[in-house]
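In the two assemblies presented below, chain A is common to both, partnered first by chain B and then by chain C.
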Partner chain A sequence: MAVYKRSYRPYSGETTPVWSRFLVLYRFSRRNLFRSKVQTVFFVICLFFPLLCLLGIYANSHLNAITFLSRSTGPFLDVNGRFFSIYLDVQAAFAFLLTAFIGPGLVSPDLANGALTLYLCRPLSRTEYVLGKISVLFITLSWMTWVPGLVLFFVQASISGWQWMWDNLWIAGAIVLGSLVWIAVLSLAALALSAWVRWRIVAGALLLGLFFFGAGFGRAINAVLRTQQGYLIDLSQLVSIIWHDLFRDAGEPPLSVSEAWIALLAFTSFCLYLLMRKIRANEVVR
Partner chain B sequence: MNSLFWTQISAIVRIEMKKTFFAKRGLWIYLLALAPVALFFTHSMVEIHEHGARRQMVQKSARQLTERDLFSIGIGMSREDVIARLGEPPVSRTRNRRMRTGRHSSIIVPTEIMSYSDGNNELVLAVQNGAVTGIQKASGISLGQDSYVFAGVFQFFFLRLAIFFGCLGIFMNLFRGEMLDKSLHFYLLTPVRREILMIGKYLAGLLAATVIFSTSTALQFIALLLQFDAAVIAQYMDQNHGLAQMAAYLGVTVLACIGYGSIFLAAGLLFRNPIVPAAAVLIWEAANPVLPALLKKFSIIYYLKSLCPFEITLDPGMPPLFALLASNPEPISRYIAIFGLLAVSILVLLAASKRVRRLEINYSAD
Partner chain C sequence: MNHPVIEFRNLSVRLGSREVLRDLSCSFSGSTIGLLGPNGAGKSTLINTLLGFWTPSAGSAHIFGSDIRTDAKKIRSLVGYMPENDAFIHNMSAVSFIRLMAELSGLPSEAALERAHESLFYVGLGEARYRKLGSYSLGMKQLAKLAQAIVHGPKLLILDEPTNGLDPPARQRMIRLVREMRDSGQMHIILCSHLLRDVEETCEEVVILKQGRVVHYSNLADERRSNRRFLELELEGTIDGFVDAARRLGCECAPGAFHRWKLVLADNVEVADIYRLAAERNIQLRRLNFRRDTLEDIFLKAMESTNGGL
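For the complex of A and B:
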């Protein structure tokens, strides 16, 4: 066909349903994610601890069959809220490191190279763009936090019986809700920094600094001003207080659970506000 | 030849100064340095306000009270007993408090809040139905206590986080920032030895880090002293080694910039992503107390902690793992610490100079 005969023709093929359009972004981002060998290896390393826990749960119920350990009375591991709380603590640390690697690279290249317009000129809203980018972190981090956590829970339930599962169903809820809170905080912080800093590697370092600096400065506030309110800027402590409540741990947390929820909601809302301010197809430069 | 090298170094330092001090990308470093200053300033303002309120209470008091008078009051004493011992309260207010008597019933109990002070300590009493039901005691902070708090914040926050991340931002930006801006090739095309370029950049970064963080240390110290009388400050400075402590903190700040600066300059040449070296160095520094004796000497915090004027005793309630990480089991002598830190920094810079000689630019990879 001659070039002059070519004209605009709208796409006439099958379109992705509106509700799942944001997952297109996830599909393409996931490919980039696992193209890096380092990130793939790190993701695999992140699954070692759940595997270790799984072996622990299995050994816990089958050790009596082994002669040299048969003297011990009762299980060597208490699979309860405390066990799953420790599991989540460890996986949360891995999730943080993985977010520091992959989070900053999600939005900053689109903004730095002016590619946002190319996304938004398609039938994809700003909200769907943000949702699509967040889903990359949400789904990836889910695979290493609450999904293996639930597998551990159901393995224990299958060993201990349905009565155990029924009595401890709240633990499953705590694993899912606790993980989702942490994932939401990490994802929004990473994307907001990625959108505002633009330099991918600087955004990663800032994410590291945000959590460590917040924790350190919060404790400095507590020491100098003789208060406990410094924990309000320590994101990991706030999440820890919520987990403390979800897993019904004994002991008095430094802040009330409602204060922790309010502080986290304020932080995530602020991140969302920052993100939505930057995610615009055209930017007017004066 | 030496004069040429010095001329080149000074030229590079001059060029880099603007980038290190006024770069938009580095503004957060100023916030990092000023955050503890704001904290100590707020603390001083709060203490000045509370001290003023206590002095007003003393002026309004029916009689001069001592610390022993204040601490002689206990729960359950009658209001008359309290007034017999301490006199009429200089500040008193009444509030109605709702108290539960059953599942669906409650009563309102009037509660009198009585405040007393001896000028330094404050006693707040809650009196219900003519008897003391609650006691709250608060004491003013002495300069000794505050200098101890300052030492804790300096060691555990300022050194380990603020200077650490500040140096990460300044020194990794020296080469990696030029890569991001795609401007490093201009330097490499000039007739300057790569080692000279590295030294020039390092000195520029060191100057910026030293000025920013030393100023912050001095301002923190000044902000801390704001709440005290001139006589107390003079006594602390002259007789209680205040000046020596301030000099020690400034010296430790400069040495920290030298040490962390050399490490992050080398890391900027070796790694594209700063998270990897930052996390690795952070873990290495935190794990210093549990390392074997030989490996300990290859960290910065090992030398810096030995130079700090105060040894911080750990909270007995601190989890054992944290206590292990925060401890410094065998402090070394001051001269060995300074020499050791400088030796480690020179070793790291020598390794970095080898790397910079083989440096190749691939902007597309960044």
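For the complex of A and C:
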């Protein structure tokens, strides 16, 4: 019978597993994400630098190319912890900009239009809702940070041999862990801010402000109080201290690694608290 | 085992420092339950509590035998909810939105799409199903909210002020849809409204809340049946013989002012018998009314009760 001729009837077919419902949110949000040409183009641009690095690694191992580029027989590029640290710095900047574009649009429309009531009156918990939305950022940002990073690592390993890979396996761990820390900070900040202000544009601006003004304010505190504790409110500095440790960079960071971890943990906990306060089907008006 | 649709046992809900629902105890098994009460009576809080949005501060509530505290997900998979306020994503097409809701309720992707089309056609939005929800009129948004509530074929449909802001034809359409779903026998319906006419036209049972308490429960079908046995007559002529004859038939008669009588028909007596008695005794039957104890009367009586509680 044609759909338009049917009257009301109950559904008696199979249902999907309850644990997998948050993936529905991921699927729909991702579809909306890449419906925008600007965002799709920006995402593609974000992959240019990994491509450039790949070309660099390839050229580095081929004598002809090296001669052509550096007119010397030695390698023109040291593919080591420093190389991947720079790679992650660049990709982190792109990840930040992409998050400022797409992050606020994930939650704020639902809150602004009261759609949360409809999500949460179904077999979907608040945690699953947040998980579904944050997974969009986690997966998208992963595709431009640690996934190409690992590809670069394994390409280099395939060129330099198993011994290089074995000796530098910690770099792979640093790429993955360093990226995940950055992605977690960005995703939680974007979702929490958009849940808080419920306005996509303002949330995007707030995210930019959080990182830029946080950095500026932190440095101002350092200058006025002649301390290094101002870096505790500079999120990008905190993450770079952790990366510094992960990539075994030389030099003394302004804060200890444990301080950076604690500060980031406090920030992400605050974001989660804000999300749990704002992601509700109904609000109590006191 | 047949469980009541909804059962409360000393249910209390506190929001902040305010106790919004107090010690509710009752159970309902009818197919359509009307939830009435003035503003601030606790109707929406009760619905939100049933959906698991608020946690009871005391007591318990069960839907189809499942506890709202421990089986919230199971209950939500059985319930369809149409909220009072705007609740949609304005830049999504109706069919995408309804499909999303269906998938979140557990329908596989293809079945969800099919049911989304079906629901939209059923509520009368078939031709507008690819339009963005933000471009819908208020009446269309109400219908879209109804479509998302029924897309997964719930066993219990909760409608919170479904006719809010609708013009008369749209209201009629909504009432017709609710009646159709009621008559399909496939689902139970809770209709929460402050419009007594909506409840009267669609519901079998009515619960009236006041200040967070159930102040009245009424089975409208029984009420209507009993009203049909209660007559108000205005007679002219020698009426003693008529009253005696009516009493011999088993009717209860009580005199009123100015030749008016109140009469409760016995089970085996019909109105035609009263006409016959009057004709045989040459009595003029100038007026015969069925008692119409409307829902408004019931509601006003319930509101007059000061302390509340059944």
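As a working rule, the second predicted complex is superposed on the first by the 265 of 286 C-alpha atoms of A that agree within 3 Å, B and C clash if a C-alpha of one lies under 4 Å from a C-alpha of the other, contacts with A are read in each partner's own complex, and residues count from 1 in each chain.
Operating definition for what follows: a contact is a pair of C-beta atoms (placed from the backbone, for glycine too) under 8 Å apart; a residue touches a chain by one contact, two chains touch by 3 or more.
Not measured: the values here are computed from a predicted model.
Looking at A:L118 after the superposition, I want to know if it touches chain B, chain C, both of them or none. Which is it: first, second, both, neither?
second
Applying the document's definition of touch, where does A:H244 land relative to chain B and chain C: first, second, both, or neither?
A:H244: touches no partner chain.
Among the partners chain B and chain C, which is in contact with a greater number of residues of chain A?
C
Contact-wise, after the overlay, does A:I201 reach chain B, chain C, both or neither (first, second, both, neither)?
A:I201: touches chain B, not chain C.
In the superposed arrangement, which partner chain does A:K133 touch: chain B (first), chain C (second), both, or neither?
Once the two structures are laid over each other on A, A:K133 reaches no partner at all.
Jot down the residues of chain A that show up as touching in both complexes, chain B in one and chain C in the other.
On chain A, the chain B and chain C contacts do not overlap at all.
Which positions of chain A touch chain B when the two form their complex?
97, 100-101, 199, 201-202, 204-206, 208-209, 212-213, 216-217, 219-221, 223-225
Provide the residue numbers of chain A that touch chain C in the complex, in ascending order.
Residues of chain A touching chain C: 3-4, 6-16, 18, 21, 24-25, 28, 109-110, 113-115, 117-125, 280-282, 284, 286.
Which bits of chain B are touching chain A when the two form their complex?
By the definition above, chain B touches chain A via 25, 28, 32, 35-36, 39-40, 42-43, 46, 149, 152-153, 156-157, 160-162, 165, 168-169, 172, 176, 180, 272-275, 278-279, 282, 366.
Which chain C residues qualify as touching chain A in the complex?
15-16, 48, 51, 53-54, 73-74, 76-77, 79, 81, 83, 85-91, 96, 100-101, 103-108, 111, 114-115, 117-118, 121-122, 126, 148, 150, 152-153, 155, 180-181, 184, 186-187
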